[in-house]
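Each of the two complexes below includes chain A, the first together with chain B, the second together with chain C.
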Partner chain A sequence: MELTRRDALLLGAGAVAASVLPQPLFAAEPTLDELIAAFTEGAEVKDGGVDIGAPEIAENGNTVPVDVSAEGATSILLLAGGNPSPGVATFHFGKLAVPSASTRIRLAQTQDIVAVAKLSDGSYVKASRAVKVTIGGCGG
Partner chain B sequence: MAKVKPRVKVPKKAQVGDVITIKSLISHPMESGQRKDKKTGELIPRKIINKFVATFNGEMVVDFDLDPAVSANPYFQFDMTVPEAGTIRFEWTDDDGTVYDIEKEIKIG
Partner chain C sequence: MISRRDFLQATIAASAIIGASGIGQWGRLAAQQRLTQDDLLGFDPLGSVTLIHLTDLHAQLKPVWFREPEINIGVGEVNGLPPHVTGADFLKLYDIKPGSPEAYALSHQDFEALAKAYGRMGGLDRAATVVKSIRSERPDALLLDGGDTWHGSYVAEKTAGQDVVNVMNLLKPDAMTSHWEFTLGRDRVDEIVETLEFPFLGANIFDAEWDEPAYEPYKMFERGGAKIAVIGQSFPYMPIANPGWMFPGLSFGIREERIVELVAEVRDQGAELVVLLSHNGFDVDRKLASRVQGIDIILCGHTHDALPEPVQVGETFLIASGSNGKFVSRIDVEISGGAMKALRHKLIPVFSDIIAPDAEMAAAINAERAPYEAELSEVLGRTDSLLYRRGNFNGTWDDLICNALIEEREADIALSPGFRWGPSLLPGDPITREALFNVTGMSYPAAYRSEMTGERLKAILEDVADNLFNPDPFYQQGGDMVRVGGMGYAIDVGKPMGARVSQMTLLASGEPVEPSKSYVVAGWASVNEETEGPAIWDVVEAYIKRKKVIQLDPNKSVKVFRA
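On to the complex of A and B.
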């Protein structure tokens, strides 16, 4: 490919724009805030109303036991902002289920895990909890 | 690859209206797609269970969408109210489209 003067200028401008933007344009993974916005469809999210159970210090980031529950929730979105990809899981609850679930997750580093719950009245609540990780859990 | 084996723990009997605890475990590597092969340096392709669904007599109880941050051998615990006798069915969906399933009966009494 022949690089003309015009192409060179465009490339330079693009590189400057990419470095100035706070979020990299080419990131394949959506950010924590984008995932929350996609889940809530832009609705307001109040603090509190979600319980997150997790160890204060997780010795092994490969399996961190976590439980989430929210009174009256139909769905709970669980996120780990410190992971290479922040999404962890989305729990949907039917009428028969109690809106709580426990599982084991991977945490790459010490971070806050976030849970956003959609309540049956259509409102959203969220909570976060800090977990210290001594050995990260996303392979090496 | 090790054989994928689903396991669940469901009480055999319950009273109508009882809240029972259900535990499930499936042996699966949950390959995140971010690890590199130590010998070749190439990325190991992602292969995870991306969905876990439990239904009771055909009605959805829980439906979990999973991302690679769920640990290997995914474990889930949840509670449900027993409305009547019936069958609870569990399904795990793999990235390659395979569905692993298991059914358990719950009696009243």
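On to the complex of A and C.
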């Protein structure tokens, strides 16, 4: 059987329980580092091992397609460091799931998208990818 | 055993007999008025496969003057590398004699004098002669069109690109890719594509909702006994640099992973030669070549560079074939054992006074123009200055456009986008309506007039500067800096975004531009759907008719630094 990318995404979505991070209305927003520390419970995070797919320059900053995957991940925390609220989502993967997920996020400005994955052995890995949000209009 | 690299060098050395730069050394012949079509088309054939590359025609069906840029700054790793080498440095790099026909075709040096000596360049009727000549020798040659073909002239604007489509069909391209085509609107593009007898390729064009391919990604050919895959790559930043509302539901992007997948796919299908027909822009292609294995040749477009030799990145060869019909590239490839073993390339300069027009094509072009001949040829005024567009920061055509915007729209400051299309006019030339449309003709011409704060103006300049001078080519969009009238500024291209632009000054008063103060700004070609105002060509036409003679002072309003 040959899976297209779309099928894989749909399958992935079916097997995934995604939770949008709560956004407290009145409390001070946690910072990027605080969100990572909460996710990893302070454990060491190695660089690499997470793939982030995103356009180099956003076509529409209000809805930027982002996909994340990490081999052997049981969950992936996705963050937008340059947004007023950096938290985007945490994806949890069951044993049968492909550890891959995609979503669309709003980016307030040019910034790094950060993804931290918890692997099945309990270790953590992290990657980031720059996405530029531009005024546009003078190409060609 | 001769290595691939040795072989290529041997090939280049061998071609030194007829022209070290891969373009020719015809200075003496030209001086004696003995430079012939055979000299321009002469090619020592290699292997069994031939590619013909034509790109960024911008609807220029008739021969034009086209001055290459004087300033083309490369940042980061590409600092000082072609195509970021101009003028005397360019001539030295490629061993081209100043004052020679090659120097005229490829650099801005002595442009005015050399233009008078060597005449206009391009014309699709001349290009047709070149293509037919190559095909008569190599009937299996593939003709590949890099896009920006259906846009950029009065008749193309009036016919929504149909004139160019009709005459290009006579050339029988084997595939094309795209950029400005989509400014005709997605429905119009699809309507034209339905009629084409060749594929309209865009591996990086996706349906935005379903994230599925929206156009054919590649085409497999069997030519000259070899399996050839041509993958098409449209301009990646289409909805950002041009109005996204004109082609709703489409998403573009570089999509490097997609190219990796497709190269593997076509190799699995037995491709012995993999060609990327690209509208990425040269620096993007150079970076892509360094990251994606398995592409043999990238036919580069978008940034309008004309390079007399291929640029080699790893095992990939980048070919840059200029713009506006000035050049046609011929690439011969030897394939054996399922892989490219050698290539030979020539950037053929289309000197319109030397290459004979193809009669069938000339008649077809004239037929497309006939209904519009009266409007095209109407003289609006005369220029006593050289009018050209190319250059990172300004060009005299945009100086003229900005002056017109300021006076006709009563603005403090004018903005004209950093487009790279649009041919030149020589001092003394009449400014016809055709000439004006060659630098303004497009589908979102409204000349807006609005108030902007100094802070907003700075943000715009910084944003565009980062599209041009971001050290990572994947973040570059490939145009030039937005042209500014009525305001001077300093720019340090080596600084990061937000810190490049300083010393913004109103030229009329010499006062600094205040961040919080509002200024009346006139501009055109906004990507916003609700933009209102007269068409830019009407604004500039009124100005030229009022002035009668255009005379421009040298523009010294942009000071360029490099940290």
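For the reader, a short list of remarks on this structure follows.
Just so we're on the same page, the second predicted complex is superposed on the first by the 107 of 140 C-alpha atoms of A that agree within 3 Å, B and C clash if a C-alpha of one lies under 4 Å from a C-alpha of the other, contacts with A are read in each partner's own complex, and residues count from 1 in each chain.
One rule holds in what follows: contacts are C-beta pairs under 8 Å (C-beta built on N, C-alpha and C of every residue); 3 or more make two chains touch, one makes a residue touch a chain.
On a predicted model such as this, the values are computed, not experimentally measured, just so you know.
Using the contact criterion defined above for the overlaid structures, shared-chain residue A:V116 touches neither chain B nor chain C, since it reaches no partner.
Among chain B and chain C, the chain that touches a larger number of residues in chain A is B. By the document's definition of touching, of the two partners only chain C reaches A:T134; chain B does not. After overlaying the two complexes on the shared chain, residue contacts for A:P84 are found with chain B alone; chain C is out of touch.
Of the two partner chains, neither chain B nor chain C is touched by A:I36. By the touch criterion defined above, A:E59 reaches chain C but does not reach chain B. In the superposed pair of complexes, A:V50 makes contact with neither chain B nor chain C. With the contact threshold set out at the top, residues 137-140 of chain A are in contact with chain B in one structure and with chain C in the other.
The part of chain C that touches chain A in the complex is made up of residues 148, 179-180, 208, 210-212, 235-237, 239-242, 244, 251-254, 257, 417-421, 459-460, 463-464, 466-467, 470, 474-475, 477-479, 482, 497, 525-528. Residues of chain B that touch chain A in their complex: 19, 32, 34-36, 56, 59-72, 74-81, 83. On the chain A side of its complex with chain C, the touching residues are 5-6, 9, 53, 55-60, 65, 110, 130, 132, 134-140.
Those residues of chain A that touch chain B in the shared complex are 62-64, 67, 80, 83-85, 87-98, 100-107, 137-140.
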